[in-house]
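Below is one structure. I have some questions about it.
By written order: A, B, C and D. Residues from 1 in each chain.
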Amino acid sequence: MFGASLFVQEAAGLTYNGLLSMQHRGQEGTGIAVLSGSNIVCHKDTGLVNEVFTRENLGKIHKSKLAVGHNRYSTTGRSAHINLQPFVTEYLTGRIAAVHNGNVTNAGKIKRQLMARGLNFNATSDTEVIASLIAYHCMREKDALKGVIRAADELEGAFTLIILSSEKKLIAVRDGSGYRPLCIGRGPAGLVVASESCALDSCGFRFVRDVRPGEVVVIENGEIIFEEVILEKKDPSSGLCIFEYVYFARPDSNIDGLSVYEARYNMGRMLAREHPVTADAVCGVPDSGLEAAIGYASESGLPLVSGFVKNRYIGRSFIFPTQSERESAVKMKLNPLRANLQGKSIVLVDDSIVRGTTSEKIVTALKQAGAREVHMRISSPPFRYACYFGTDIDTEENLIANKMELAAIRDKIGADSLGYISIGGLKAACEKAALPFCTKCFTGHGQKER
Amino acid sequence: MFGASLFVQEAAGLTYNGLLSMQHRGQEGTGIAVLSGSNIVCHKDTGLVNEVFTRENLGKIHKSKLAVGHNRYSTTGRSAHINLQPFVTEYLTGRIAAVHNGNVTNAGKIKRQLMARGLNFNATSDTEVIASLIAYHCMREKDALKGVIRAADELEGAFTLIILSSEKKLIAVRDGSGYRPLCIGRGPAGLVVASESCALDSCGFRFVRDVRPGEVVVIENGEIIFEEVILEKKDPSSGLCIFEYVYFARPDSNIDGLSVYEARYNMGRMLAREHPVTADAVCGVPDSGLEAAIGYASESGLPLVSGFVKNRYIGRSFIFPTQSERESAVKMKLNPLRANLQGKSIVLVDDSIVRGTTSEKIVTALKQAGAREVHMRISSPPFRYACYFGTDIDTEENLIANKMELAAIRDKIGADSLGYISIGGLKAACEKAALPFCTKCFTGHGQKER
Amino acid sequence: MFGASLFVQEAAGLTYNGLLSMQHRGQEGTGIAVLSGSNIVCHKDTGLVNEVFTRENLGKIHKSKLAVGHNRYSTTGRSAHINLQPFVTEYLTGRIAAVHNGNVTNAGKIKRQLMARGLNFNATSDTEVIASLIAYHCMREKDALKGVIRAADELEGAFTLIILSSEKKLIAVRDGSGYRPLCIGRGPAGLVVASESCALDSCGFRFVRDVRPGEVVVIENGEIIFEEVILEKKDPSSGLCIFEYVYFARPDSNIDGLSVYEARYNMGRMLAREHPVTADAVCGVPDSGLEAAIGYASESGLPLVSGFVKNRYIGRSFIFPTQSERESAVKMKLNPLRANLQGKSIVLVDDSIVRGTTSEKIVTALKQAGAREVHMRISSPPFRYACYFGTDIDTEENLIANKMELAAIRDKIGADSLGYISIGGLKAACEKAALPFCTKCFTGHGQKER
Amino acid sequence: MFGASLFVQEAAGLTYNGLLSMQHRGQEGTGIAVLSGSNIVCHKDTGLVNEVFTRENLGKIHKSKLAVGHNRYSTTGRSAHINLQPFVTEYLTGRIAAVHNGNVTNAGKIKRQLMARGLNFNATSDTEVIASLIAYHCMREKDALKGVIRAADELEGAFTLIILSSEKKLIAVRDGSGYRPLCIGRGPAGLVVASESCALDSCGFRFVRDVRPGEVVVIENGEIIFEEVILEKKDPSSGLCIFEYVYFARPDSNIDGLSVYEARYNMGRMLAREHPVTADAVCGVPDSGLEAAIGYASESGLPLVSGFVKNRYIGRSFIFPTQSERESAVKMKLNPLRANLQGKSIVLVDDSIVRGTTSEKIVTALKQAGAREVHMRISSPPFRYACYFGTDIDTEENLIANKMELAAIRDKIGADSLGYISIGGLKAACEKAALPFCTKCFTGHGQKER
């Protein structure tokens, strides 16, 4: 998510550049909406940012001071055009374009309530429900800010929102728990709001601050004209999704006071303390295990080596199936570096184990490449429970840690030892963060209401 | 380049998978030719391997035991369809499909000689000249192997070739100096020939050996039926292009007895010995400076840190120009990791400096991110002379090291110190390689004949 | 518009074939929605029918007994994806997919009323308003048929609708005036509803009857289960848009009891009676003036000749502008047949004159090709007033007949004489049609309410 | 084929416009080559003219005074990129770009002769052989014109050629029999050469004259600098392919003194005289039977009616196969106009019967639409023999007239009577043409040499 409120008419181009920097947060589709007079013009489609936008179509919507954009990461599997963001909604006295990151747990209930009042829906996503609820309240309150606040107050679960209003405002909202990150940046041309600070850097904008949990911030003409913590934290055990540090965010982002790189490095150090092992070298699984591997090596004193070379071009390539090849698909993407592995006992650091199938292939590949022993170290605790707040993790029955004990997992993936960081260790690694964490994917929680 | 001679009819699919693994050697276009009866069928187009080939078009040419493929890396700037490889050529008694890596220095002369005999040409590349010369001699010798040997004997400069002949043979040739790498792999279904060993790994094939400089290898029905060093080394000062270890090859490849990873690691260690510096940390420029940085850190005892995060999605994306952003283009691709740089004196390791403009931007970015000092270390000697053997380096007048002394370059790029590895140091780092090296881009050489 | 209710699961494929036959009614975009369980799945995009649908994406939605489809012909100039039909809408107790042809004159008012009740909108088209109104009433009435009737009763202007309801029904509606055509066809596999009967022929379905003005027809399991004229005709001077016979429909369609071909032929005959002229030959402007030219020739006894050859491949091709060519754009599309024109006095028959610019170019081209005289005959009366019911005609100020008298138009286009059919003559030509006509584009009418 | 020699630098744009007008002569691929300094730059690809060329790629090659272009109509089924024209060939002292229409019967022999001299080939088309032969002689003669003449003299069969030479000339050649048409046009900016005169009209150029059989014309700087009939007519019974008038050419073209429209009209009149019938109306099969139908109606005095409506959008669309439809594919493209057919005895005029399957479907469709009788009249004699000169007609065994007698064909297609024009009648219809005709597809001829 990215929003821009500028003094100059180049909000769409800036938003495009910002979205390019946050492509890792979603690759299914993308869109940008701008304010054009009292209208909102939106271009969105399935595909990567640089596939959907061309100099030509971007040039057509570029002349605006206000824009919001979004990269879609499908949490539902249904990724039709109709579910792409921003959602542009017209109500009696105005228009909004809404973008949303997270998962609203009472979206079904709200949708039914709105439908009972006669409203109807075209898409199948939470965001349409949120946009509709906001528009409903904006109409009744006759004021965009009041409407957004009323609507946000009804939402449960995880939501960060950026609302472009035809009242010429950008309204940023972060839920009371602060599940998902949101930050503000300033540049010579105005203010921007982004999911991750790396997008500010890419645009040459300066980090100002994170949006606080429960806060509503209104930006007009490149200046903050309202900022107040309004939404309460409904679940005392909730907080920032710790997987932002473990996996989601780019390591060059800073979230709620903590560098993602540093967090991962600390996780690696903590892992080394919690699960030391006598080995010859440490290596990380590219790309998300690399920083923790550096931390593990540093703390353990073991040398860090590159264990794999990742094919950077393979992306969405298909592999042609032949009988002549053995297990090519994994080696195609991640080829072990025999020179660093031959005859060695290796500590292999990865960020998580979900189904276990990839881990098994990677361990097998290391052993085939000559590794004598493979000691798997995971920089997050066992992933046992489905997430209701926006992480597109498999159904619970597919989570290997939901069904198996540590020893069984170790044997299944073929590792010589297996160590997960403890929840306490993970929290300690992230202790500089200003917020408490949501760790329900490790600890479990009540049933989701739908 | 990739060639497959199998017992089973799946040569095209295997070649596709092999080309996917060597996409780093060329991104302009790609092609695969297979033997179909006595015909040769070829599909080639501009674009990446996974853009040019689909399951459908690959399926159409898949049923063959013999295939050759090629990824094009334009050394001339002219990248029309007409210059794509393989080149399929019909002569009086047969057909060949030829792929070529390198640069034949007497191609112009050979072309004129052939034209004087009445031959004509459709394209503008060396490969057409080579294919035409081979076909010419195949016709006169009435034998593909003899023809290839006669032709190869006339060629000067750098050339590795894989020739698919309608005589149901695959003929691999490496010039007498061994400028470019070429290796043979064996799998359950037959033999393959590839520019780099990483392609064998990806296909699950086992490395057998490198093709020797000057050697001609003939493969039929998945078996080697001829192997002999035939071509002489014409220039005693020539050898394997040392830039294969410095930059071109993938680190998981093994070339002429030396692991590319190990070579780069050794370069880093050598750099640390030749240009030590008191600093706080070492970091490499992603991706090609990373292995040397590991070596530098190891030898110097300085901690290795990640200095940048590279946007893996940006590829051929355009950046939308806005006034609101400062120097976004570099930061879009390579964002400094402030947490690791703030207040520190950094050793920055990269593989080479060509024009100097990128180095300048990277050093500037590090300093803006808080680095106190930046000590640039380059894992290759100053790049002073144009290469006539296949490296697509800028014209000599654009090479910063051709025009400026060390101190001037250091000042231009804004580094606090600058150290290049010595030629001797580089050779020592690669001493395990079985071949002597060509280092003429560092030392210069006579005028190229055209 | 096309809808299918079949006994067998192939509604989407049949609808695709039907839409192919009605591509002439709209080329901007197309879509098909099917019932899948209680869900409605929709695929739509900008482009021609054969560009948007592939065997693959059609195969995915093919297994359904119920489908509706639509070809979009933008009446507003805004042709974003968001305005494409079918519109899929979910309300409290069900879902509908709606397609619409026509122009609802009180859509703005209805939209404001719905917004005042809290509803909001994402698109900018009438169809969204209609779909929303229907869903609103379906929810309140707890029955799709009752909801559709309530909604249709509120609509003013021109509308034919096909509604696919999750109650497994297809509901077809034609407004009380019958502005736009709609007919029912039967085949071995069930019933279909189409804008034009040519779509029935193409699918091998038999024409059953036209939907009557004001009628609502409900089809379930391939059978009509409800049929009743319910909607009243609000404007006594309204009726079927006579331009369906003049221009819109395909000549092989039968609308409300009259063959379009026959209607055009009769217009030509009537023109010959109203505006006889001594000339050598008659020719029509391809394609829409051809049938009237046949009628004119037949009535006048003058020989019919081909005056032009139309380039059938030019479609949306661009013409490259060069200085070397004179007026190439028109001749590129419509090249006069010199052999038939040289030295002759020609009666040129076309269906209408809108701005007059094309007519001027065509007359000029005929004269350059050697025509001695050009007598223009138009098979519709002077087009003076903008249409509020769905014809995408230029703004009134651009209508040449709105600003100029007959003689001035004749001089402007360079014709030697000019004759328009009279309103009475046109009606007489169409007298076999079962319905009265709307002829307000010729006669004018009150101000449209928005 | 189209070639332009202009005073101004816009040859490529003009050639593009010319190719657009001749899209009917080939839809598989297209290309344009221009002279740029002493280089020839070529852009070609598979697809329609407006798909292959964009304003952008055309703009890049637009600045030239000399261009040649070609639309490919595959006569072999192999339509790979490698066989597209123009063929650009470099020889010792120059370059040519060659385009060719026709079929050279001794291409195989010439290819073997050239290969015996050491030349080799990349493609599988005659045009490569021709280009190679020309280049061979240009090299030996040290002069493009002399080389072209020497080469053309060796060719047998049908060939019209336009050669762009790096000597800044356009050389047009027509074989001694004049099998294929070729004409010259003049405009304010220079001279152009085109296969059909309709391309001159489209560009606003004036028809100057046809190239004579056996003539070689050299154009330089927009002026003819050489024109001489040089090539002899090798086969006295040969001549202009009469199918150019029957089917290939656009009716608005003028070929060798005869308007194609007039020729077809005369064929219809002749048919009416040779095969009169008592019937109610005449109709033509769109599009190629329409002109002959007009002639038949005129001569017979029977009224002309439209028998079908052709779907102009269907082009290369696929039809989705469903069980619910009966024989949709034909009706999709050509829907009978019931209003004109019901209860009537119809004379149906078409240009030819090849396999007979389409004729059978069309007759069936007419009868299903109510025609009482269908009398088929064909404006060419029975098509009995394969053509070796460039008409891509089925193999002989598939030609219905090669296997069946008239009565059997009539019964097979379901017509009530069947009449073909006689060879004499066809020649009489075309008697104004300045050339004798090749009619070997009707009369047979010796075995082709390959």
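Here, a residue touches a chain if its C-beta (ideal position, glycine included) is under 8 Å from a C-beta of that chain, and two chains touch if they have at least 3 such contacts.
What you see is a predicted model; the values in this text were computed from it and never measured.
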(request) Look at all chain centres (mean of CA atoms) and spot the one farthest from the centre of chain B. (result) C
(request) Can you check how far apart chain A and chain C are, centre to centre, with Cα atoms defining each centre and the answer in Å? (result) 48
(request) Let me have the rounded angstrom distance from the C-alpha centre of chain A over to the C-alpha centre of chain B, please. (result) 36
(request) With chain centres taken as the means of their Cα atoms, state the distance from chain A to chain D in Å. (result) 60
(request) Quick one: which residues in chain A touch 2 or more of the other chains? (result) none
(message) Per the touch rule above, enumerate the chain pairs that touch, sorted by label.
(response) A-B, A-C, B-D, C-D
(request) Please name which positions on chain B make contact with chain A in the complex. (result) 6, 8, 10, 12-14, 16-17, 20-21, 23-24, 27, 48-50, 53, 55, 58, 62, 187-190, 198, 201-205, 250-252, 254, 259, 261-262, 287, 290-291, 294, 298, 303-306, 308-309, 311-328, 331-332, 335-340
(request) Spell out the part of chain A that touches chain C in their complex, as residue ranges. (result) 42, 45, 80-82, 87-92, 112, 114-122, 131-132, 135-136, 139-140
